[in-house]
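Shared chain: chain A. Partners: chain B in the first complex, chain C in the second.
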Partner chain A sequence: MPNRSGQAYGLTALSPIIRDTGRTPAHETEIREFLGSLDREGNSPFSKIPTMHLCRWTVIDDVPYQAHPAHEEHLKSKYLMFTANFDGDRDTTLALMAEHIPDTLNAIYRHCVGFEPVGVGNSQAFCRYIARCQITTSLFFADYPDARLSDVLRALQLQREFVPMMARLQGQSPAQVQQQFLAFAERMQNAPIPRPGTM
Partner chain B sequence: MAELDLNDIQGNIIKGYRYPFARYTFVQFINGDAGRELLQALTPHVTTSEQWAYDDAGQMIKPPWTLNIGFTHRGLAALDVPADSLVTFPIEFQEGMRARARTLGDDNASDPSRWDLMWRDDRYDKVHAWIGMSALSAADSDAATVWLRQRIEAVRGVVELGSQQAASFPGATEHFGFRDGISDPYVKGTPYPQGTRIGKISEKGWEPLAAGEFLLGHADEAQETATSVKPLSLARNGTFMVYRKLHQNVASFREFLRLEGAKFGNPELLAAKLVGRWRDGTPLTLSPDCQNPATLSDNTFTYADDPDGERCPLSSHIRRMNPRDGLGFNGVLTNRRRIIRRGLPYGELIPPDSPGDDTGEHGVIFMALNASIERQFEFVQNSWVNNGNSFGLGKDMCPITGSHDGDGRFVIPGTKRDDGTVTPPYVVTGLPRFVETRGGDYFFLPSVTGLQILANRRVDMR
Partner chain C sequence: MSRPFNDRFLVNTNRRVSAITTLSPMHWWPSFKLRVVFFLRQFGWFTENADSLKRLSFIHFARWVIIRRNSFPRLDRSQPMEDLKYDYLLFCSNFNGTWDQYIDAFSHAIPIGMDRAFGSSVKYPGSIPTTPFKHYIRANQLDTNYYYSAYPHATTNDVKRALDLAAKFQDFAARARTMTPTEFQEEYELFLYEVQNDLGASGP
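Let's look at the complex of A and B:
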């Protein structure tokens, strides 16, 4: 099924970038400049979206020409591509983006055709805008289609803590190991889910 | 496929010499004429892969010493190889090993700034050629060195930068006390008996690997030729060699085995689990409880029956260096990552019952031969030695050769035997770095034809 794999949603959106050759820097140059300044580690804006697994923005200039006998073709516009893989349905995550990172979205999409700035209370406008730009993701591969972001973060946390615990318990009696294992399991179950971008 | 041109391929590549002594000499060509004059003197004496005859008693008749030559990219430039040929060499070879330190995990104690003097600073840039001479005895090695030095000194403009001696120990062990050099790739188109060499797993059993995995200009396991080195006359039957001087921290290793082995309850089993073989070379996969000389000649074992590493841990040295079928898909993920290992220990044998030391001159001269350093040696070093993700082990590194800094981890999986005996898993933490890089570089070993082309400045790009 396009756009979906298990509970995961695969979104692809192409937003035309405003063309204005009388303006320097060009709109696409400003987008690239801004995207390059974003934090890729723990403080990425996407770490604030609790359903987001993987995503990226990238600027598409044109179709590369691959020499004869290929046809020479061109796009009508330069595009900003947004590809994302997140939990649940499309509009929930888009609304979360509008709510949590409006300044980031405005800084990027103000260079795109037909975009209206995201402000308090108009998250639906951003959903509608991206929906207009969406193209069908016909071949969508999700590595773990049924695990939500919280499941993945929990699993990574468990993996990171389990082996050191085993090392600490080495040499103790089976009863002691079991007792501490049960305490570990309970502690893990009640531990807060790690913040995205920290694992 | 046709038989390989054994008398065009340099020796010690597709079949090891197995000589007990060696000296590796590194030289600089002050100018191209000087380099070519030396090559003209040496090329007629270069040892090839030709088959040696046997005497009436069935003993192989080996020459007293052998001669082989390889060049860095800087060396090829010094020999006036034209720029349009130089740019066709793979980027990792052009850059040289020092520039690849991050990929190789050569950091901290292995950082190039701490390498031996000959491999440091501007001296490194002067290393143009490696001249390898193996010998049957110490006297033969000395004679070979005298022979070579006479030829070097006869040429004005060739400088000997330094040399490295190496010699085998009884039982072909290395400084940590394990038998070394057992497993060796078996290559298609060679007439040698297979011995303990292994190729690839197929539906029909073990088969030789495509020659193109180890020689330029031949089809490889992907039915491609590995590199685009031009001209083909220079590339064909040549290969790339990784030369690494690897220091061994013998005291640290022995102290670790003593302390951690006591906690584990069986120091020798712990040692075997780290390596994947007992000290005499017996594979754990075939004999998990004790050394067993009867299994020594069998190197065609697989990991299909031991997917979780209950016998041979997933993180053990030999399972990382050659996972065989351990990554699934009947071994195809391994076939393009094989390397041919050559080399000998250097330094004096340290008595096994002493604590040993970390500071002396002792280790192994590691030489790896492959058609693509980037796809084969560097991948193994980067993804299989200094990472564990391919084996489901996260960031765990090889317990023997990984770039640890006192923070390494090694997991010995628990076992459940058919008789119901259960052994819990054992986790080693705080592993130090047992092996440190002290220098080395990437070399191109041309064929005899290639050596003639270089010696006569006949690199023809037309």
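Let's look at the complex of A and C:
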């Protein structure tokens, strides 16, 4: 499965942007302006997607030209590229996106060919749309392919709080250290998963 | 190639993680050979570079995508059909450190892997010496317009060490419940010795 590495999925999708030479501002300009306005950390739309590790949107204006004697060629459409690295299967995460961030998706993909607005109850339409835009990932590398996002966020939280806890326990009796260590372990186990985008 | 007109819309970094995206043309025959190489990797061939990437430990996720000249999505008859001579190799990576450090590491640590992947691209100069390699990557690079990470303050090493710490911590915490204080003290010191390389903290 070239799109997969362990349980991680690597999605690559190219969505053709509507071509309208007389329009001002151009569709790709509106996409860029909207993307530039989005938060990229704890208030990012993707902080609501509990399976999304990393993702990006890139507007592809044209293909690179390598200079003479290479052949010069140009795209007839501009494309919006979406690449994402997430847990599990493709349609689960796309459905989560359609469910949790429909306004963001509509604001972006309304400038793309063949997109139907996402609304309540039609998350499958978004899955079908991205499936039509998908290009199979030929080689996908993940350095921690079996760790889900919740595992990573919990582990980073533990790592952040462990050293201060360890420092507090220094100099105490073995019974006190054991008691406080077990209390810390219970607190970490019951702590909510940190909000994506904040760690 | 045209470039976005305003740097305000370019975001190739997010805290401690950086994005690189390149698109390079390939003639059909080298493209076919590269598809064969990628196909054979599924059966264990040409996998030594994945091990090298894991050892370098500064890439969260990376991908190579071969876009054949007739496979750019066409979703409606109103959309003009592409008429391209070349296939294209799309490369996307999410890494820690600066752009120069990243390309230097690729050039010197896995030159054979780089040449195997990019050697199919038109006018690829080779990964060594580094300067022409950097010029080639720069010329074929696409800037990112939106870049998200669920853990932007963490490097790849932070994540892997945190995961290792979490696994050992859970194991030790489960065993610690039934120990006497004296047994606990001994095991606790052993546990700290085992996780000492996993400690530290990422974050804002």
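Couple of notes before you dig in:
Everything below uses one rule, namely that the second predicted complex is superposed on the first by the 199 of 199 C-alpha atoms of A that agree within 3 Å, B and C clash if a C-alpha of one lies under 4 Å from a C-alpha of the other, contacts with A are read in each partner's own complex, and residues count from 1 in each chain.
The working rule: a residue touches a chain if its C-beta (ideal position, glycine included) is under 8 Å from a C-beta of that chain, and two chains touch if they have at least 3 such contacts.
On a predicted model such as this, the values are computed, not experimentally measured, just so you know.
Of the two partner chains placed by superposition, only chain C is touched by A:Pro16; chain B is not.
In the superposition on chain A, A:Arg154 contacts chain C only, with no contact to chain B.
More residues of chain A lie in touch with C than with the remaining chain of the pair chain B and chain C. By the touch criterion defined above, A:Val163 lies against chain B and chain C together after alignment on the C-alpha atoms of chain A.
In the superposed model, A:Gly171 makes contact with chain B only, not with chain C. In the superposition on chain A, contact is made by A:Glu73 with chain C only, not with chain B. In the superposition on chain A, A:Met97 makes contact with neither chain B nor chain C.
Of the residues of chain A, those at positions 159, 163, 166 touch chain B in one of the two structures and chain C in the other. On chain A, the positions that touch chain C within their shared complex are 2, 8, 10, 12, 14-16, 19, 31-33, 35-36, 38, 40-41, 44, 46-47, 52-67, 70-71, 73, 75-77, 79, 81, 83, 85, 113-114, 132-133, 135-144, 147, 149, 151-156, 158-160, 162-163, 166, 173-175, 177-178, 181-182, 185, 188, 196-197, 199. Within the complex formed with chain B, the chain A residues making contact are 159, 163-164, 166-167, 170-171.
Residue ranges of chain C in contact with chain A, taken from their complex: 1-4, 6, 8-9, 11, 14-15, 17, 19, 21, 23-25, 34-35, 38, 41-42, 50, 53-54, 57, 59-67, 71-76, 78-86, 88, 90, 92, 94, 117, 122-123, 139-140, 142-154, 156, 158-163, 165-166, 169, 173, 176-177, 179, 181-182, 184-185, 188, 192, 198-203.
Residues 263, 394, 409, 411, 425-429 of chain B are the ones that touch chain A when the two sit in their complex.
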